[in-house]
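Have a look at the structure below before the remarks.
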Amino acid sequence: MDSLTLIAICSIITAGLTIGIGVLGPSLAEGKAVASALNALAQQPDASPTITRTLFVGLAMIESTAIYCFVVSMIVLFSNPFWNYFIAQNGG
Amino acid sequence: MDSLTLIAICSIITAGLTIGIGVLGPSLAEGKAVASALNALAQQPDASPTITRTLFVGLAMIESTAIYCFVVSMIVLFSNPFWNYFIAQNGG
Amino acid sequence: MDSLTLIAICSIITAGLTIGIGVLGPSLAEGKAVASALNALAQQPDASPTITRTLFVGLAMIESTAIYCFVVSMIVLFSNPFWNYFIAQNGG
Amino acid sequence: MDSLTLIAICSIITAGLTIGIGVLGPSLAEGKAVASALNALAQQPDASPTITRTLFVGLAMIESTAIYCFVVSMIVLFSNPFWNYFIAQNGG
Amino acid sequence: MDSLTLIAICSIITAGLTIGIGVLGPSLAEGKAVASALNALAQQPDASPTITRTLFVGLAMIESTAIYCFVVSMIVLFSNPFWNYFIAQNGG
Amino acid sequence: MDSLTLIAICSIITAGLTIGIGVLGPSLAEGKAVASALNALAQQPDASPTITRTLFVGLAMIESTAIYCFVVSMIVLFSNPFWNYFIAQNGG
Amino acid sequence: MDSLTLIAICSIITAGLTIGIGVLGPSLAEGKAVASALNALAQQPDASPTITRTLFVGLAMIESTAIYCFVVSMIVLFSNPFWNYFIAQNGG
Amino acid sequence: MDSLTLIAICSIITAGLTIGIGVLGPSLAEGKAVASALNALAQQPDASPTITRTLFVGLAMIESTAIYCFVVSMIVLFSNPFWNYFIAQNGG
Amino acid sequence: MDSLTLIAICSIITAGLTIGIGVLGPSLAEGKAVASALNALAQQPDASPTITRTLFVGLAMIESTAIYCFVVSMIVLFSNPFWNYFIAQNGG
Amino acid sequence: MDSLTLIAICSIITAGLTIGIGVLGPSLAEGKAVASALNALAQQPDASPTITRTLFVGLAMIESTAIYCFVVSMIVLFSNPFWNYFIAQNGG
Amino acid sequence: MDSLTLIAICSIITAGLTIGIGVLGPSLAEGKAVASALNALAQQPDASPTITRTLFVGLAMIESTAIYCFVVSMIVLFSNPFWNYFIAQNGG
Amino acid sequence: MDSLTLIAICSIITAGLTIGIGVLGPSLAEGKAVASALNALAQQPDASPTITRTLFVGLAMIESTAIYCFVVSMIVLFSNPFWNYFIAQNGG
Amino acid sequence: MDSLTLIAICSIITAGLTIGIGVLGPSLAEGKAVASALNALAQQPDASPTITRTLFVGLAMIESTAIYCFVVSMIVLFSNPFWNYFIAQNGG
Amino acid sequence: MDSLTLIAICSIITAGLTIGIGVLGPSLAEGKAVASALNALAQQPDASPTITRTLFVGLAMIESTAIYCFVVSMIVLFSNPFWNYFIAQNGG
């Protein structure tokens, strides 16, 4: 197996696992936050603007961690520095 | 085993595992959010519009993490950059 | 082992595991949502139409993640792009 | 080991594991839904028709995910496209 | 090792594991449903017919997932299509 | 290692693991059902006949899943179709 | 390694693991049932005969699953059909 | 490695693991039962004889499952039928 | 590696693991029992003799399962029948 | 495999796993913090400024741990000291 | 690798793992017992002598299981019978 | 593989895993502490200064454990003593 | 690999893992004890001396189990009897 | 691979894993203790000095277990006795 094949294989598997494992935490956390917001709305409907605003800020923070994983997954697939180096070496 | 075979194998396994593992978190989170919305509705039926709207925004955020996995899975299956490179090398 | 055999093996295993693992989250989430809807109905029978509608929207969202897995599993079994490529190479 | 043997082995193991692992989630979810329906009935016997109807719709949705696994398991055992291809190659 | 031996080994192991793992979910779910029915009976003895009927329908649905595993286990042991093919090849 | 030895080894290990793993779920489920029945009896002694009857039906359903494992374990040990075939081949 | 040694090794390991893993569920279930019976007795001392009788029936059912494991373990150690066959082959 | 060594190694490891893993369930179950008995005593001191008697019967049942493991462990160490056979073969 | 070395290695590892894993259950169970006794004492100081006596009987039962592991561990280290046999064979 | 290939492979896998595993804790922690803030808002709407401020300080602290993982992942991908050394050795 | 090296390696690893794994249960159990004693003291300060005495007896019992592990660990390190035998064989 | 390559590989993997695994505990702990502070604020808004101060001291203590992991990860990447030694040996 | 190298490797890994795994239980137990003491103080400030004294005795007992691990870790690193033996053999 | 390389590799991996795994327990325990202190403060603001003092003593005890891991990690990295021995052997 030459270097390009090996790097290609690792990149494919890593890209998949990174996003596959990485969404577990953020999605569960968002589910918890949304569930909690719905309970808060049912308990205190008058505080709806404050609750909604806090929820959206929180979801943005949590989504950011999922974005980190997606970004790394995309970097590995489409602008992988190691792949580019070896392609350049081969006159790619 | 030549490079094409290896990349094909890895792509198939990765595509399956990414979506197989990746839906675990989002689906559980959606279940929690829906369950929580139903409790909120039973407790405060008058706040139904606010609850429903918040639920849908939340479900969209959570579904987005499942979509990330699905997108990576589809990329790996149908527009895999490494596969395309090797196909092009072989006069594809 | 030639390439076709290897890809066939991987495809079979991946197809099974994807749907086998992938239904775990959605089914548990649907169970939680249904259980929660039943409690809500017992607590607030008058809100039955709103509860039922929200439940069905939620189940549809959750089922969609199970469908992703089923779709990938079917693609891997019946319209696998890598398998098709190698079949075409062999004059298939 | 020739290709047919390998595919047969993988098919047998995959068929068993797919349904063996795949029923875990649906069965637990159905148990949760039924348990919840029984509590709801004990709490609000008058809402029995609505509860029963919602329960059956929910069970059908959950059972559908178990059916996906069973279908894939049966496809792998009895109409496996890869097995058929190799049988055809061998003059089947 | 010839093909028949390998398929026999895989079939034995798969048959055992399928039913061994597969009863975990259904049995726990049935235990939960029965426990819940007993609590409901203690709480609302007058609703006994409705509770019992719902319990039996639920147990039938849950048992069906255990039956899937048992059926696959029996198919693998006693009417295994791959085993039959190789037996026929060997002049069985 | 000849075929008979391999099949014997697999059969022994499978027979043990099937019943060893397989009783985990049913026994825990029965424990839950019995515990729930005892609580129900303490709470509503007058409903004793209904509770006892429902308990026994439930235990029978749960025990049935343990019986499936025991049956497969016994089949693998004492009327294993693959073992019988190879014994017959060897003039057994 | 000859066949007899291999079968002996597998039998020893299987016998130990079967009972070692197999008592986990039944013992925990019995603990739960006994604990529940003690709570029931403390809550409703007058129902002592009914509680005790139900407890003993339940313990018998749960113990039966542990007995299955013990029986398989003993069969594997002392009347193993595969061991007997090979002993008979060797003129044992 | 000759047969005697292999059987000796397996027997030692099996004897240790069987009792090591096997006491996990019974000890936790006894702890639960004792804890529950102490709570029952604190709640209903007058029912002390009934509670104590039920506790001892329950502990005996639970201890029996630990005894099964201990018995198998002792059999494997001190009256192992496979070891005895090979010793007899060697003129032991 | 000669037989004595292999048996010595297995004995050392088994002795350590047996007691290392084996104390997990008993110690947690004793912790639960003691914690429960302390709660009972705080709730019903007058029943102190009965509670203390029941606690000590329970701790003795639980400690017995830890003793089983310790005994097997000591047997494996200091009066290992298989080690003794091989030492005797070597004129040890 | 030469050194550059090996380091490239390890870097890709490490970069993916570090961020994939590393976001699990921070995202769940942020979900818990947001959920708790929403409950606090529903319970004490008047303390909204204090709650929001404390939440943001807390989210910043938690996000910092996710940032550590992202930083290490980026260092490994884009300014890996070991990769740079070997590139320099090869006249990079 | 000669026998002495192998036994030394196994002894070091076993000594570390035995105490490393073995303190998990006792320490958690002691934490639970102490926590429970503190709650009991807060609830019933007058029963302080009885509570303290029962706590110390309980801690002694739990600590004993940690001591078993420490003793085995020390035996393996400093008076290992198998090590001593081989040292004696080598003219120690 | 020469020494430098091996050490580089181990350093990369260790640096990633150390921080990847190591933030799990601290982030969850900070989430718990922040959640608890928010509940405390909602319950006792007047004690806001004391609560905030205690929270910050606690977060600093918890963050310190994450810092340990980050420091070790940075040491391994950028001032690795073993890497420096081998570089010096090679005239680095 | 000579004996000294192997023993050095095992000692390093064992020393790290022993303390790394071994602090898990004690630290969690201390956290539980401290948390429980703080609750007790909030509930019964007058019993502060008794609570503090009991807490310190408990922490000392729990810390002792962590000390066991630290001691074994230090023995393995700095006064390892097996290392000393081999050093002495080599004229150390 | 020579001895120095092997010891360097093991030391790097051990140093990382020891602190990576070792902070899990202490950080969670500190989170629990801080959370509990905040609840206690919210419940009993007047006992603030006692609560704060007890919290700090507890955090110090818990942090000490994290320090053990950090110390071992630093010893392994920077004053490793085995590394020093081999360096001295090589005329280091």
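Going by the order they are written in, the chains are A, B, C, D, E, F, G, H, I, J, K, L, M and N; count residues from 1 in each one.
Operating definition for what follows: a contact is a pair of C-beta atoms (placed from the backbone, for glycine too) under 8 Å apart; a residue touches a chain by one contact, two chains touch by 3 or more.
Computed from a prediction, not measured in an experiment: that's the story for all the values here.
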item	value
Set of chains adjacent to subunit C and to subunit J	none
For subunit G paired with subunit M, centre-to-centre distance based on mean C-alpha positions, whole Å	38
Centre-to-centre distance between subunit M and subunit L (centres being mean Cα positions), rounded to whole Å	21
Rounded Å distance, subunit G centre to subunit H centre (Cα mean)	11
Shared interface positions of subunit C, touching two or more other chains	1, 11, 13, 15, 17, 19-21, 24-26, 28-33, 35-37, 39, 41, 43, 55, 59, 66, 69, 73
Arrangement of touching chains [line / ring / star / complete / other]	ring
Order in which chains appear around the ring, subunit M first, subunit N after it	M, N, L, J, A, B, C, D, E, F, G, H, I, K
Residues of subunit L touching subunit N in the complex	1, 3, 6-7, 10-11, 13-15, 17-22, 24-26, 28-33, 35-37, 39-41, 43-44, 46-47, 50-51, 54-55, 57-59, 61-62, 64-66, 68-69, 72-73, 75-76, 80-82, 85-86
Of subunit D, residues touching subunit E in the complex	1-2, 4-5, 8-9, 11-13, 15-17, 19-21, 23-39, 41-43, 45, 48, 52, 55-56, 59, 63, 66, 69-70, 73, 77-78, 83, 87
